[in-house]
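After this come two complexes, each holding subunit A, first together with subunit B and then together with subunit C.
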Partner chain A sequence: MRSIIRLVWFDLKHELSPPVWIIFEWAGFALQLYIYGALISQLVTTMTDYLQFYAVGFVVMMTFEIGSHTGRHFVEHAHEGRLPYLLSLPIPRWKLFLAQALQGGTELALMITLPLVVTLAVIGNFTLISVAAAVGTLFWLGFGVAGLMLGLSFIAFKSSDVYSAIVSALSTLIIRFSTVLYPFIFLPPSYASAAFFSPLTYGADLVRLFLGFDPGILLDPRYAVAALAALAVSTLGLGVFLLQRLVEGVKSG
Partner chain B sequence: MKELSRILQLARNDFSYFFRTKWLMAVLLSLHLSDMLVVALVYGKLMSFNYFRFFVPAVVVMGLFSASLDTGRRIWLAIREGVIQYYLSLPISTFGVVAAYLLAGGLASIVYSTSLLLIALLVLPAQAVWSTFAILPFLFVLAMGLAGIAATLAALASTHGEYFFAYQQMVQVTLLALSTVYYPIETIRSYLPSFIVPAVAANPLSLAAEAIRQFAFEGAPIQPSFLLSMILMGVPFALLGASAYAMVLRNLRVKGKL
Partner chain C sequence: MYAVETKSLSKRYGKTTALKDLDFTLNEGEIMVLLGPNGSGKTTLLLILATVLKPTSGQARVMGFDVTTQSTRVREVLGIAFQEARGFWRHKPAEILRFHAAMCGVAERKRDELIERVLKDLELWDAKNKLFMHLSGGQAKRLEVAKLLIQRPSFAIFDEPSSQVDLRGKRTIWAHILKLREEGSTILVATNEVREAEYLADRVTVLDQGQSVICDTVRRLKDSIAGGDIVELELEGSDTTKLEEELKQIEGTVRLVTLKENQFKAYVSMAEAWVPKMTNLCYKRNARVLSVRVTEPSLDDVFLHFTGRALEAAQVA
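On to the complex of A and B.
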């Protein structure tokens, strides 16, 4: 366990001394919520309180960005030649994978704690159980997204530049074609079918359901639970497989 | 004359680097096209006014802004990777290097945003297409000003390189949020304190968005005073960025490091 903690701290200490990134993330959230979100909600007339809807959506977006960052970081490390060093350490690969997952989880916890507290304050109506369920969903989504980015790393075997391009473009489309910013019922039919493929649609709607939003504007929670479970299990499984068998194939330099 | 030709050569090199960066192109195009064709359309259904008509011209400005800000990343990268040491060894003045970067930043922004503008013209009927091309030179000056802001950030972060992206993100979010890119000035006036409203109206992004909306898409006659205000906002920022970057280069030339 000590070696796992040491590995987690090895990466995390750069972000915590000083914690500039975390403070900037929080400041960015405050600006987005209290200026952009508040002003856009003045313009939205078809929903009673769009600010609440947007606040949850923004926390889900942050979760996606942090999960995505964890997965991509791992591949970038491979290209920068840091991964071969980690692989040469006297620790089994499952520990290395666990350390990456824990690091991602810790980063996620540090980054979204304050935004989530503010979001809960904006919503106002919640219970301890609903908050715990929402937090659980966010972490499950974060692990799934990190696994997805790791799973796509096979592209990096050919070219890291193409990997960065595909993953960056995909991230934008996953957010736009989802229910993070707008309810599913307002999506045109052609966009709605694309939204079914975005994990954020299920993550955002499930978190909103737990936080007491009108189920009429959300997707069926059974689909959301099934989709998020399938995403996390399949992509993390693929990540474990890649780390065990294929990771040496990533080109350095 | 030789100096000018070298400035143009260096600017061409930096300009082509912007378009050759695959991941950047993927991010910018996916972001702006999805903003234009997805976000604008869906938000339009949530609002009681034609948000698509309001927001599509603003996406062109967002493209102009993002491309301008990338000048800062290229300066930051040149400092970090030592390319700048090579540039300083070339037979070109410090001023020439600075001018080349700002010129390339402005040009890359205008080329990239013009491509978005052409797409905007396809999806949204414009009342005065020729006015669009008439305001492009003024948008270029504004883009150089925005590139100047990016250069200032890169200069500020030259000794703490890793903070550059944090500065850039904060400036980007703040300037966009406090502009009329996403919402009309009336909404801002009704929600934000009154002392902020003039700053929002004078924001370079608000000026660019209003120019494209009014003169190109609404077909209002071009007002010379409005175009003058675009120049008056663009030039000081370009000069600020040029001074900050020149100062960094001078330190580098004298001390050999930052």
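On to the complex of A and C.
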């Protein structure tokens, strides 16, 4: 366990001194919520307090983007030449993979904390248990997305262009075709069918359920729990498998 | 048991074959130098042994552990200094070494003292708090070597350990590699620098196009070249025509070239055996030897002899 913590901390301490990137993320969230969110919530009249719905959605979007960053980070390691070094360290591959995922999780925790607190303040009606459940859901979603992106990152060892194209397309589709910004019951049938395939749908609706939103506008939480568990387990499992079986540091003569 | 053993080891990248059915052994406590031009498969072999790359086919064992099925055990006994030290742009040398020492299980109480000593030995002490991205190429290379000097693994791999390093730095690195061997490590060095190979090697494996061309001690490799030693001699007097014919008949003479009337250049197999025979002959014929100069072949000549290409030319190709 100490080797995993060392690996995580070795990179993380540099990103925290000074923590400019975290402050920028928080500033971005504040601007998005208090300018765009406030405006759009005035235009949406079919829902009361759309701002609350929007705030949760934006936190879920941030979770997705930070999880994606973990996969990109791994690809950067490969292209900067650090991956061969990491692969030569005297630790099992699964520990290396877990360290990458945990680093993503820690970054997620650091970036999400303040936006989540603000979101809770906007909602204003929650219990300690509901908040804990919502945080747990976000982490589980973050792990799943990080696993997905780490799994996809192996494409980048063949072609970083193909990887970038796939991740961009996937991110666009996963965010847009989800219930992050729109309640499920208001979606047109074709759009709703697509939303079933987005992990963000399950993440967003489960967090909203725990934070006291009307269950009538959300997906059945049993589906959400099952989908998120399946996502995290399958993608992290796939990532470990690929790392052990396929990943190689560099091509050289 | 060999420290390293490969059997029919092959590695392909798509249609390119980097290693082709390589059989290779390395004895415990030995320094083996892999000599070959860029693209000859040296780095690929090192990375397979370090479990960074996976072989396409064949077997490789390090200290008895299979690199494919027991990769973690392999990594526990080896350390590798990569050809290019990269990827830690925002870290400082001291913290990179501290991290490496901790990951490799160097006892905490010894770490700082050991790091200080190695940084000073490799003239990196003044740069210990510079960001990695601000180090010169030579400093970054020395830092890469420093990792192994701190780790002191049973099996140490150095990929071109002194490239980009100045002459004094090269000598320091070579001295430390030799010391590491004295302390019990088995060492594998890949290089395309003939001087480095001659300085370090107990044995040299010449690699070309993914295959081992020959493997032996430096001395034997040089001796194996017929006509590889060159003896330049100058005799007294002007009429040496008859003697010239007799010099050509000495056992081991491959070719004799007349430079001037009384100056010759002899290409011989083993100069140490040929020169006494030559002086005996001259003594019998009352021909006084004014000067003798012996030059032996370099490993570049060895490479040329066994591959048909000069090392430098192969590099360009």
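The criterion applied here is as follows: the second predicted complex is superposed on the first by the 246 of 253 C-alpha atoms of A that agree within 3 Å, B and C clash if a C-alpha of one lies under 4 Å from a C-alpha of the other, contacts with A are read in each partner's own complex, and residues count from 1 in each chain.
By definition in this document, contacts are C-beta pairs under 8 Å (C-beta built on N, C-alpha and C of every residue); 3 or more make two chains touch, one makes a residue touch a chain.
From a predicted model like this one, the values you see are computed outputs, not experimental measurements.
Chemist: With subunit A superposed, do subunit B and subunit C clash or fit?
Modeler: When both complexes are placed onto subunit A, subunit B and subunit C end up side by side without any clash.
Chemist: Examine A:87 and indicate which partner it touches, taking first as subunit B and second as subunit C; both and neither are also allowed.
Modeler: So A:87 only meets subunit C here.
Chemist: Given the superposition on chain A, which partner contacts more residues in subunit A: subunit B or subunit C?
Modeler: Ranking subunit B and subunit C by residues of subunit A touched puts B first.
Chemist: Taking the superposition as given, does A:100 touch the first partner, subunit B, the second, subunit C, both, or neither?
Modeler: So A:100 meets neither subunit B nor subunit C here.
Chemist: Touching A:3, do we find subunit B (first), subunit C (second), both, or neither?
Modeler: Second partner only.
Chemist: Applying the document's definition of touch, where does A:176 land relative to subunit B and subunit C: first, second, both, or neither?
Modeler: Once the two structures are laid over each other on A, A:176 reaches subunit B alone.
Chemist: Given the touch rule stated above, what does A:198 touch, subunit B (first), subunit C (second), both, or neither?
Modeler: neither
Chemist: In the superposed arrangement, which partner chain does A:70 touch: subunit B (first), subunit C (second), both, or neither?
Modeler: Touch status of A:70: no partner.
Chemist: With subunit A at the apex, figure out the C-alpha centre angle toward subunit B and subunit C and round it to a multiple of 10 degrees.
Modeler: 90
Chemist: When the two structures are overlaid on chain A, which partner does A:164 contact: first (subunit B), second (subunit C), both, or neither?
Modeler: So A:164 only meets subunit B here.
Chemist: What is the minimum C-alpha distance, in Å, between subunit B and subunit C after the two complexes are superposed on chain A?
Modeler: The answer for the closest subunit B-subunit C C-alpha pair is 11 Å.
Chemist: In the superposed view, which residues of subunit A touch subunit B and also subunit C?
Modeler: none
Chemist: Enumerate the contact residues on subunit B facing subunit A in the complex.
Modeler: Residues 22-23, 25-27, 29-31, 34-35, 38-39, 41-43, 45-49, 51, 163, 166, 169-170, 173-174, 176-178, 182-183, 187-188, 190-192 of subunit B touch subunit A in their complex.
Chemist: Could you pull out which subunit A residues touch subunit B in their complex?
Modeler: Listed in rising order, the residues are 20-21, 24, 27-28, 31-32, 35-36, 38-40, 42-47, 50, 161-162, 164-166, 168-169, 172-173, 176-177, 181-182, 186-188, 191.
Chemist: Where on subunit A does subunit C make contact in their complex?
Modeler: Contact set of subunit A toward subunit C: 3, 6-7, 10, 14, 77, 80-85, 87-93, 248-253.
Chemist: For the complex, give me every residue of subunit C touching subunit A.
Modeler: Interface residues on subunit C, with respect to subunit A: 13, 18, 38-44, 47, 50-54, 71-72, 75-76, 78-80, 82-84, 86-91, 99, 102-105.
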